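Some structures are shown below for you to check.
In the two complexes that follow, chain A is the common piece, with chain B as its partner first and chain C second.
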Partner chain A sequence: MDIDDILEEFETTAKTDLKKTSVHDNLYNDLITAMINERMAPELLPYKKELLDEVLQRLSNQQQNLLDSHEYGEVNASSGVVSSDFKLQLMIIETDIERYNYLVRLYLRTRLTKIDKHAIHYINETMESDKEIRLSPEEEEYINQHFKIITKLYNNSFLKKMPPSLTLLDDTAGEESMIEHPDINKHVFIKSISTTPMYIKLDDGEDLPIEKDGIYVVKYNVIKKYIDLGDIVLI
Partner chain B sequence: MYGDIANKLILDAKRTSNLSELPLYQTDLVKDILKEIQDLNNDSEYLSSEKELQQDNLSEEQLKINQCQLFVTLLSMRRNKRCLLAYQRLRAEKIVEFSWLNIDPILESSTNNGTTSNGSTANTAKPKSTIHDSNSIYNNYTTQLSLDNLNHAEQEYLKSYQDLILNYKSKFYDIDLSGDLEPPTNIFIDVRVLKDGGEVQTEYGSFNLIKDSQFYVRKSDVDRLIQQGYLEEL
Partner chain C sequence: MVLPAQLQNNLTPSEVNFLAENELVTILPRYTMQKMQLIGTKVPALRAMRRESVPLWVALILKSQDKCSIIPPKWLNVAYLKDKYDEEVRKPNQFSALPWNWLEISKMLLARASDDLSDPSHLLRSVLQDLREIRLVKSRKGLKELNESNIVLNGLSLLEINELRPFVLTVMNKLRQLHDTSNAQDIADQDEYEDGGYDDDDDDDI
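Coming up: the complex of A and B.
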């Protein structure tokens, strides 16, 4: 059996399962888009709960599937029931799992880095209940816990030995605020994936026509809402 | 001059940011700065009380001088505080970085010097020179941490942060969150052993860590060993 046979076999199995694979494809692309958006955006984007839940569920299924298959392979290896490309199939599944694993890992770790960087900003934001919630419950727990232990570190190291007027961490008096905010006016590279042409209002009141597949550099603030809608992706 | 000690601390922090390990906590400097802040605080209290007491006796010019003095004193205090915070934050960030690597901290600073081959050349700050250099992303990473170099509060912080990420990771049990942040290429890779260690058990059998020997193993099995500097990816 050579590589063509294997490919052909894949095609036939893929066809019978066409609907499922197309969903699978979308999931993969969605995850990549979510990951890249998150990496390129200067502020934290809303947590993609549905997408992540779906991916995690599937990963867990595949993981279990893989374990079962390995067991099946080992039990039947001696009797010759297992075909030679059985191992290859498992390898492909495993590579795919690794790939998803990596994407999810990068996505979550990127979010945590951002959360740590602007901790007080996001904590204040979660306090305001009317705002949309960006953090997942896990991240909310993380941010609060981390803030608690880092405050403890500051206090124990030196803050408690200072005059009371200086012990605040979120001091906004004086010239500079101590709360660091994400820079939402940062310039970002964007690509339009919307099929209908659209116009974006720039700061100076001018309209910027956006074509499909066009690549532009604009301030993040201006295109923020289009990322949520999915008309524009960051690159 | 007020603020000079804080400057030293910032210079130390700047040096730290390029190192792959965390240098000794500057206890003396921090203590001196705290003392300076205390002095400044006394000054400012004296100045404001003087202002209140002698409000009527002082000429306008003297009042201005007093006010200016007070202002500069307060500013110096704030600046010192910011320097301290910046220093501590940098160290905390390094501890965080290290915690994600999943390596055990070094207990005694005298042993294990120069274990990470690439780590010591960190200040070249050259990101990702070649793809083959598997350690490239760890160049500016904190790959070594000696507990001796941390002050007590930092040790406590390290411990609580490790607990914190353990707790966070446990919610995504299928994902190895502290794994390599380079995209995966192959499931199986060639590795060379950099230093002796014991026997390693994997799903596909076991192998012995003997220096300079090579193996073909599953990447996810040996990720930790690579991070710990036992193995090098070829």
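Coming up: the complex of A and C.
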């Protein structure tokens, strides 16, 4: 086996991957869009299961390939077969993996922040079975476990010393609700990527014309559905 | 916190930079390399002196190893940027169309591939700085137009948006809250007034 074989292997494995899912022609851009949308939206967006599964699958394949080639490189280093080209290519492949890792991490961390912040809101939402599923199974497990631990901590440290009527963490009676809801009326920066011009209905009944590549600041809830459709991205 | 507060709802300049590194640029390779399949894209086979387009980060790696020269994008030269500058001056209420990542890309290319650029780098830097400043002044002036409903910011680039974002969003959200409370107040006032009116009628009847 020499360098060519290994590189060929890279290609064939990658090619079969590509064939399996031609849907994601532009995996990288999809991932970036998902990350930025998540980052800028005031509420948790539905988990991009297909995209993430695909990315993670390819990442682990590529990592395995990289390990194999490193092994090959080490074995053959003394004999002088390994050229600097080979090292350069490995470096590019490694950088590519790191860039994906970074994006995936950023995506998941952003989601976790929101989950932590509005824990009770999303727990209540997962209880209602008719709502669309936002959380991945892992996130759902996390949110429940984390909430359990937090409640226990609060109880042990101070809640047990308070009058029972004040100890409810999800108390909605009285003026203020104890549940923190995401504020979906927040303003967000948007960019239109749809090729056809369209109109967005604003709260006051007026229509806002949206041009392609136009940049606007509007309330999140009026453009929410266009994000799902992919006509608008948050920036 | 899982994600530090300064990273929430805004992108840092280094993140914008990261995103800009994905733009495709044209390179002129100086050596031959087989094509490579990366996770999402692939790097085409490189042959000496044949132009190929690759993501900027790949180009910068190759450049740092002296394996290629980067063909500067068509907007990155003094003449074109001067034109844009004049356009900015001519149209005081509008931003001229520049690439989405012009600040990042020009900065990276100036720092790491200045020998490939068509104009001397000090001239480029100065015209870029002029452009940046005039646009900055314009966007600051535009802040007067902030309202509680919506604004249009066509022509701004990603980095410029991120500079504005914290201020614009805070102000607009505060305006929205004020607007909502004053609306609610109006409705409440109206109800009260109407109730009062009926009371008067009652009094008259008696």
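Operating definition for what follows: the second predicted complex is superposed on the first by the 210 of 235 C-alpha atoms of A that agree within 3 Å, B and C clash if a C-alpha of one lies under 4 Å from a C-alpha of the other, contacts with A are read in each partner's own complex, and residues count from 1 in each chain.
To be clear about the criterion, a residue touches a chain if its C-beta (ideal position, glycine included) is under 8 Å from a C-beta of that chain, and two chains touch if they have at least 3 such contacts.
All figures in this text were calculated on a predicted structure; none of them were measured in a lab.
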Would you sort A:216 into first (chain B), second (chain C), both or neither based on which partner it touches? second
Going by the contact rule set out at the top, does A:85 touch chain B (first), chain C (second), both, or neither? second
Taking the superposition on A as described, I'd like to know which of chain B and chain C A:163 touches: first, second, both or neither. first
What is the contact status of A:203 with respect to chain B (first) and chain C (second): first, second, both, or neither? second
Quick one: is A:193 in contact with chain B, with chain C, with both, or with neither? Answer first, second, both or neither. neither
Chain touching more of chain A, residue-wise (chain B, chain C): C
In the overlaid three-chain picture, which partner chain does A:67 touch, first (chain B) or second (chain C), both, or neither? neither
Which partner does A:32 reach: the first (chain B), the second (chain C), both, or neither? second
Taking the superposition on A as described, I'd like to know which of chain B and chain C A:149 touches: first, second, both or neither. first
Could you look at A:56 and tell me whether it touches chain B, chain C, both or neither (first, second, both, neither)? first
Chain A residues where the chain B and chain C footprints coincide 59, 91, 95, 99, 102, 109, 112, 116
Residues of chain C defined as touching chain A within the complex: 1-3, 8-9, 11, 18-19, 22, 33-43, 57-58, 61-62, 65, 67, 149-156, 158, 161, 165, 168-169, 172-173, 176
Would you tell me which residues of chain A are touching chain C in their complex? 4, 7, 10-11, 14-15, 24, 26-29, 31-32, 36, 39-40, 55, 58-59, 62, 85, 88-89, 91-93, 95-97, 99-100, 102, 109-110, 112-113, 116, 185-189, 202-204, 208, 211, 213-219, 235
Residues of chain B defined as touching chain A within the complex: 30, 33-34, 37-38, 41, 77-78, 81, 84-85, 88, 92-93, 96, 100, 151-154, 156-157, 160-161, 164, 167-168, 171-172, 174-177, 179, 181, 183-184, 186-187, 203, 219-220
Interface with chain B, chain A side, in the complex: residues 56, 59-60, 63, 70, 91, 94-95, 98-99, 101-102, 104-106, 108-109, 112, 116, 138, 141-142, 145-146, 149-150, 152-154, 156-158, 161-163, 166, 169, 174
